[in-house]
Amino acid sequence: MIQKRKIAAAAVAATFLAATAASAEVQLRFECAQDGNECDTMMTIFKQFEAKHPDIKVKMDLVPYKAILENLPVDLAAGTGPDLAKVTDLGGLHKYYLDLSPYVEKTYWEDNFGKTLDWYRAGPQDKGIYGLQTQLTITGAFVNKTLFDQANVALPGKDATWDDWAKASREVAKATGTRYPMAMDRSGHRFAGLAIPYGATYFDADGNPELNDPGFAAASKQFVAWNADGTMDRNVWAGQGGTSYADATKEFVNGELVFYYSGSWQIQKFADQIGDAFDWEVVPAPCGPAGPGHCSGMPGGSGVVGFKSTKHPKEVAELLNYLAQPDNYAMLEAKSLNIPANATVAKAGVKYEGATPGAAKALNAFSAQVPTISPVGYAYQGYKNNRAMFNITVTRLTQAIVGELSLTEALDRMSADLKQAVNAAQ
Amino acid sequence: MLSLITPLMQIIEWPMRALQRILGPRKLAWVFLLPNLFLFGFFTFLPVILNFFYATTGSDHILLEDRPYVGMRNFDELMNCTSYLDPNSCQIDLFWRAVHNTLWFIVLQVGFMVFFSMTTALILNRKIRARGFFRAVFFFPVLLSPVVVALVWKWILQDQGALNAVLDHFGLQTVNWMLSPTWAFAWSVFISVWFHMGFYTLILLAGLQSIPRDVYEAAAMDAASPWRVFRKITLPLLMPTMVVVLVLSLIKGVQTFDEVYAFTGGGPGSATTLVIQFIYQNGFAGAPRLFGLASAASILVAIVLIALTAVQLWITRRNANG
Amino acid sequence: MSDLELRGVTKAYGNVEVIKGIDLKVEDGDFCVFVGPSGCGKSTLLRMISGLEPISGGDVCIGGDVVNDLGPADRGLAMVFQSYALYPHMTVRQNLSFGLENLRASKAEITERVTATAQMLQIEMLLDRRPKDLSGGQRQRVAIGRAVVREPQIFLFDEPLSNLDAELRVEMRGEISRLHRRLNNTMIYVTHDQVEAMTMADKIAVLRDGRLEQFGRPLDLYNTPDNIFVAGFIGSPKMNFFPGRVEAGGLRLETGTVVALPPGKFMLNEGEQVTLGIRPNGMQPAETGLPLTVSGVERLGGESYLYGTASDGTAVTVHCAGQTKIEPGTQIALTLETGEAHVFSTQSGQSLLRKGA
Amino acid sequence: MTAFLTRTRGRKRLHWTDWMAYAYLTLGVLLMFGPVLWLVLSSFKTERELQNYPPRLLPYVQKMETVPGYDKPLPIYKVTAGPLAGQEVAQIRRIGLISQVVKPSDPKTVLKVPFKDRKAVEHVALATSNYSKLFERFNFFRFFYNSTFITVMATLITLLVNSMAAFALSKYQFRGRGLVMALIIGTLMIPPTVVLVPLFLIVRDFGMIDSLWGVIIPGAATPTGVFLLRQYMLTIPDEILDAARMDKASEWKIYWRIILPLSAPAIAVLAILSIMWRWNDFLWPLIALQKQENFTLQLALNSFRGEFTTDWASLLAMTVLTLVPIVVVFAFLQKYIATGIASTGGK
């Protein structure tokens, strides 16, 4: 089908090539949704690219995130998709990706983007290059340092466990009259930051996904208990239902929260909105019963991919390759305040533009955590059905928190749901 | 406006007159129906038919031709319960929780909706000052997007929201509304009535215009009691419009989703998860998309709705006659 | 020529026949009234003539042409509806000109005819008002005006006065009659009110149950009704009916009274069950005769009515000239003026009057 | 109560039912309009103020003052305790739990105030930049044009096509009428969300994806509209149609000269609803439109919603902007709803 279309396109192109020189210009459509200024920054870099390649024009369609998540897959299936897009369901859309390896310098990509390339691949055997990780995120904890100072409680140290943090946060909250000691975004992705230190593996020995290993169950039990005793801000998880996302940004920004487990994408917002109201910090990834090797956040983020259905695969690859070059990539990360996924850039360090000292410090703190990310985290992030697992975790765990299901029932339901999802996705 | 419409209508008059001569006035009805049926057939009816096919297929593929046929499996899974009264005994427990919630939801929502929109329409139909302003006021919420509606009501109802501030100010007990399943449900009903009431008020307001004024004058001469006037004159004469409101409020009540979803996300837990949220989360936001399951669920909902509407129409018809 | 002829016209909705074969000829210029109780099919018949209701069988001829397949607008008719059916969103002037516009009359002609009609009906000052701002009588005039302005061959009226109060009704009755004399058109008028029928009609068609019971001049119907139904329907107050049996030399009523009838006027078979019909003014209080218990008296000044029951329970109304002195509760006797009596077969209801007598 | 129901109580003194009615309306204004008003006010808040917890009614910003010797304006605080209690001071910086402040009157002397003993001085100010940013950020007028084009065309088509169908379904007896009506109401039962994908595939096959017509056409034959109009037309007496037929009006003429004007209230309602639906429609344009130059206001508005964060300040400002035209249209059309012209002259 695609082959046919290509031939037709080539024939059409050949017919008109001689007649109209203008039609030689290639237009690439780029679908993008942004939280901050990622898309706008990318466009400025693409403009530089256009200057070097006068025959290629990039047109960005800035869309709501919902379009990327829900409509892009439909478009791609129906053959009406764009040439390239910034996506977050990295593994799930694999079947539509354009393999860039014939067009780009493979070793450069392999050396610099190493682990993140796997997230776009179909499996371990797949050696293709499909996407450029433009935004590497990592989950982690923020604390309200000022509250600790006021309560005269020392920040737990580098190897502090979740339990230590809970204890300290409760103490601070009590001493300062703060409403909520801890909070965690309502997301299965964030929950992995708790589950991995508790020893969750997410995959059995054969590599099949599971949501009931002992580590995961222990973390769930702890989380439910913390929600019950008021350690966790119940509003975030228990105030919602289904798979909907909720965060505690408001509470943290307003100084009502001591310890907030979220992720690196919050930094810019915190810098803007907290301003001088209090001091805040990123703390090292909390540990857990599983021991020192498991003190890890969850990696994540988004990347730009090209699609098979494009009529201009070469140009798409050229464009992505241009963006992947150290200078351009560094500029993108510097302007959009993101953690680089490119090894060269990371080693050189990024000079964040317009970031307050606090924000820059926080970004660097997160960057420092990247090398210690647990393999479980990478595997989980790279699994193509991980979104199903995130959703199931959130839905069922909330039911356990509000008491609709017992924890055992919730865990059983998670396994059943996962089985159904995996079956449907095959 | 009129100067625009008249020439257009006059142009169409020629072919229509010719058709009337050929077909006769009775068959001309089909000519009047045709444009609508064409659009309806392709863009409303055909998708519904395709939906039936989706319901009998599995996998997470989007194109129908890629999807394997699975027969009634999706329906079987949905209906696989030890007891339909206990969602926990069902294979797809969330569907049945949503069904239970939705049933309660429509009982409350349709009742309040019809009552308040009727009252409002009657009042707005009177000779009152600043009628246009008041009409706009009641219609305003309809214009907002569900996200924004949810946002403002969250400001009001969250733990440290405006309502609790007011309660606190008067020394009353504050409640964390969003964390209590009962309150969250009650407020969801309230918000959805608040959001959509203007829609039905408007329809009823238009319907009230079809009641000739002299009928009321005659009733006033007869010194009929107000309740009797309403019961014996307004209501029967308003019946065709009432049918619209009853049928639409039931259908749209069952299909309530956006504002409640944006407000509670279906929570706490699944206390406010409605059927459409289940369908949406499985068919659209789901990962993977269980499109077959969502389609099957939508068909089950439609069957129940058709039954409910039939009962409703039967009752209104009986009442209208009696 | 604008005479109207119905030949075996029938109408059925599915299996239900509502008009059961009617033959009728209305001469050019006649004012013909269809009268009958509600549900007799008179309005349906009118709508069938108008073309609004397709006919199931038979022929409708106007001016000698069969018009079965012509649409309502092409039959050259105009109709005044019971509810007037004025176009509520149009002014009176627009209401009157709408039909003319559809006939593609020129602007000048429309203005001229509308003005003329308005003058004739005295509604010139209402021309720019809308129907809701008019009184009942004014609306009625506009409705008539809308029919008149089109100068139709035949006018159809569907109970046009039933929505008016009594006084206005009398006034409009006269008005319509004058209109008829003035235009001299064929008019067909449907009513359930026999007084309207009697006062306005040249010809009356009495309908019952989808059948034509009798067709003729008002006084012919009054004087020689074909059957009990027509006899009872035409005339006010209603004719009195006494059941009885034919005996030698007369009738023996159920009350026991024997009544002698003019010989040869009726076809009577001895022993036959018959009904004697006699109008309220065909009876007088007397010393002896039919006994009557008076239950009510109406004194209208110039005349009086007695209401009572005969010994067999038959309700009886008696008309007396002047102001009677009889009081309710008294027993009186009545003499019957047998010259004005009607005799009907109880079984068939048909008049037993000998034809040509 | 009679006045409730009859609306023609033309007395000078207010009846108690009038008081009831006004009380109800006042409550209505509070309950219905209050939240809307709060939204409008909030569209003038800074993003920080929107994140304030608990939320406040009015848009506040902290007072800033230029103090000699400092380049940037400094934030003003009121000291609540200690020797400086009650005075307004400008904060230079905060180190840990201690604020370094100066009195604006005496900018040379740096004082230390415990961080807890100061309170920001705030005043009401409108963040109009929420609005001006919109016009800088993207081609607002392009989106406005697209939305307007879609709304106007779709509403005209909807009104024409639906009223024709409703006329046929309410004023003619023909075989299949019940079936058509049942189908039209029946399709309402299937939730629109679930048919989006099949509809998308059909519209794609018509070649209308990524065109404004692809948004306009599919929703034009709305079952709700047909149902609404039909039920209203049922109340128009058939005799008026007969009268028009006697007046030699063709069926088409009866439709547009008699039925349409007499259905004005219902048409006005459908017009308002259609305009509102189209103007606010989000889900279908989101899937049917891809190129940004074809986007509607709602799509642009929702592009403020990212994966993790929503730019509420811009979103609310845009919401208010998009509300304005539709409110104007409503104000214009609502009077037609009250055009009671159903008196046919009869009883």
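Labels for the chains are A, B, C and D, by order of writing; each one numbers its residues from 1.
The rule is simple: a residue touches a chain if its C-beta (ideal position, glycine included) is under 8 Å from a C-beta of that chain, and two chains touch if they have at least 3 such contacts.
Nothing here was measured: the structure is a model prediction, and the numbers come from that model.
Seen from the Cα centre of subunit D, the chain whose own Cα centre is farthest off is C.
Chain closest to the overall centre, judged by the mean of its C-alpha atoms against the mean of all protein C-alpha atoms: B.
With each centre defined as the average position of its C-alpha atoms, the distance from subunit A to subunit B rounds to 37 Å. Centres computed as Cα averages put subunit A at a distance of 90 Å from subunit C. Centroids of subunit A and subunit D (each the mean of its C-alpha atoms) stand 34 Å apart.
Between the Cα centres of subunit B and subunit C there is a gap of 54 Å. Residue positions of subunit C with contacts to 2 or more other chains are 71, 132. The set of subunit A residues that touch two or more partner chains comprises 74, 78. Chain contacts: subunit B has residues 25, 62-63, 158, 213, 284 touching two or more partner chains. On the side of subunit A, the complex with subunit B involves touching residues 69-70, 73-74, 77-78, 89, 92, 234-235, 238-244, 246, 385, 387-388, 390-391, 395, 398-399, 401-405, 409, 413, 416, 420-421, 424-426.
Across the complex, subunit B meets subunit D through its residues 5, 9, 12-13, 16-17, 20, 25-30, 32-33, 35-40, 42-48, 50-51, 54, 62-64, 119-120, 122-123, 125-128, 131-132, 134-145, 147-148, 151-153, 155-156, 158, 160-162, 165, 194, 197-199, 202-203, 205-220, 225-227, 229-230, 233-234, 237, 240-241, 243-244, 247-248, 251, 255, 257, 276, 279-280, 283-284, 291, 294-295, 298-299, 301-302, 305-306, 309.
Considering their complex, residues 29, 31, 33-36, 59-67, 71, 74-75, 78, 80, 82, 88, 146, 149-150, 245, 247, 249-251, 253-254, 256, 263, 265-266, 269, 272-273, 275-276, 279, 302 of subunit A touch subunit D. The touching residues of subunit D, counted against subunit A in their complex, run 47-48, 51-53, 75, 91, 93-94, 96-97, 115-116, 138, 197, 200-201, 204, 209-210, 286-287, 290-292, 295, 299, 302-309.
Against subunit A, the residues of subunit B that register as touching in their complex are 58-63, 66, 88, 91, 93-94, 97, 158-159, 176, 178-179, 181, 261, 264-273, 277, 281, 284-290.
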